[in-house]
Amino acid sequence: MGLNGIFQYFVPKDRKFFPLFEQASANLIKLGEALIELVNTNDENKKQELNKLIEDLEHRGDELTHQIYLELGKNFITPFDREDIHALASAIDDIADFIHGSANRMQLYNVKIMTPPIKKLAELILQGCQDVDKAVGELKNLKNIRVITDSCVRINSMENQADYIFDNAVGELFEHEKDAITLIKYKEVLAALETATDKCEDAANVMETILVKNA
Amino acid sequence: MGLNGIFQYFVPKDRKFFPLFEQASANLIKLGEALIELVNTNDENKKQELNKLIEDLEHRGDELTHQIYLELGKNFITPFDREDIHALASAIDDIADFIHGSANRMQLYNVKIMTPPIKKLAELILQGCQDVDKAVGELKNLKNIRVITDSCVRINSMENQADYIFDNAVGELFEHEKDAITLIKYKEVLAALETATDKCEDAANVMETILVKNA
Amino acid sequence: MGLNGIFQYFVPKDRKFFPLFEQASANLIKLGEALIELVNTNDENKKQELNKLIEDLEHRGDELTHQIYLELGKNFITPFDREDIHALASAIDDIADFIHGSANRMQLYNVKIMTPPIKKLAELILQGCQDVDKAVGELKNLKNIRVITDSCVRINSMENQADYIFDNAVGELFEHEKDAITLIKYKEVLAALETATDKCEDAANVMETILVKNA
């Protein structure tokens, strides 16, 4: 049992960190929803709005991450190990970054046709964000551990599915796409989407570590 | 107040870490200046010399980073939180790596024409390095906090500008460049340059964290 | 001398971490050997088998990394500084990831012709894995420090060689390969292989840090 274990009965656990994490994971859901809308609309004005919204949400996420790091600096005693708080905040920040990065590439590369694997990966990302949010919400009391473990299991299986879809889509591109610039565009959009799902898995791994240590 | 806060009045603060950080940030300025020269010359011999110089400076940076990590290992009490010292050293190392990576790609890909966005990004990088150096120089006494915060604000605005230039340049490439290999070359050089500015922002974020904790 | 230094005479040092690290580094050798086989066979069935094997070994590596992190969470006192244990586990995990990533790209991009630089990089990777394994095996007693330093020196020189081969191969591609899609394929396979050697160097750097602190 680490220092945190010794002290955890004497300090209020949910003052600062939990509300910040909950805001950060709620922000992820908004990002995931905006991404779904983005890959399902053909309206250029709507797309521009959604890109702006995604950028704003990513900035909001940055602020929350920064606040968590500052709290971590000010608090000698933290509800979980400092390294886990840092790793979880950073994984959530990475998910937001790669959702934003995916949307940004679609816009920069002027990707008009959203292919089925792009849409499917966007759905998996939203699902991952919802599971991260569900699990984060249970961290503060660790009473419904099952909610956390179930979310983590679903995130792992989601990430496997995303790998499979990504691998197939990239294989298809190299087999059938003869225009190199088009190939680059799609390959890089797919890679950013797939990395967002990897980052959901990173978040799940941190939460599993927290469970093992504290439950 | 953490352990460092408690102990900071009893231990000499500037024995080891500050000189190493100052050398590392001075090294960044040399790297930034060499990069500016590189993107502004057409003389092939000069280019080769500059590429060699940049490689040497990057190795020098590696050694300094390594020394900081070793000091961190040997010192139980450090002037700032260990995680911040590690993160700052690693951000400075990353800036050096991406300046070197940019120059290396220009050489490997045989990029002859340095476009305006490449030159502009090189200028922003040098500016970022100068601000990192300015802020690092104030860390040892924290007397002119304003110097640090001003540098950090300028770095953040520099990084926003770099994002804007990068996004536009890549958008232009995908719109107008019909030769895929040329597109790849420029896109990757621009990406390495832009990442160097991101790493300046990482360094600024760490220094802001240090300020909040110690000032 | 840190807390670990003070306590190291009172705690059993090799209960949990060392066997896990030894399994992880032995797993790297298997990955390196499978990679060598993969780049030297033309038999499509054999290739498929090897890709499957590499994927399984990478999963095995993931599990070992995860177990090391969990042990790190449960143990207040560790044989080396926690950050070094974490960094070493993570470097070994990265080596496995990039070996798997290289093999995966060869398969996805349907790379048929394994060029001399690809084969040479695969050999260097296996050599790096063998040296990581050799050094890891000596960590538990630190009696044959020379074995560790020799391995680290060889890994550093191996990584320099890999850089040189990579730079030349990519330079060649941009000079001679006129088909952009072929260029992308080879460039990305080479990049994944070269990154695997970088990660070997990361592992060597951590082990050198551990030596300086503990020897």
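The letters A, B and C name the chains in turn, as written, and every chain counts its residues from 1.
In this section, a residue touches a chain if its C-beta (ideal position, glycine included) is under 8 Å from a C-beta of that chain, and two chains touch if they have at least 3 such contacts.
As the structure is a prediction and not an experimental result, all values here were calculated from the model.
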What's the contact topology between the chains, one of line, ring, star, complete, other? complete
Roughly how far apart in rotation are chain A and chain B when fitted on CA atoms, stated in degrees to the nearest 5? 120
Between chain C and chain B, distance of the C-alpha-averaged centres to the nearest whole Å: 27
Expected list for chain C, residues touching two or more other chains, is 180-181, 184
Listed in rising order, the residues of chain C that touch chain A in the complex are 66, 69-70, 73-74, 76, 82, 86, 104, 108-110, 179-181, 184-185
Applying the document's contact rule, which stretches of chain A touch chain C when the two form their complex? 1-3, 81, 83-84, 167, 170-171, 174-175, 177-178, 180-181, 183-184, 187, 205, 209, 212-213
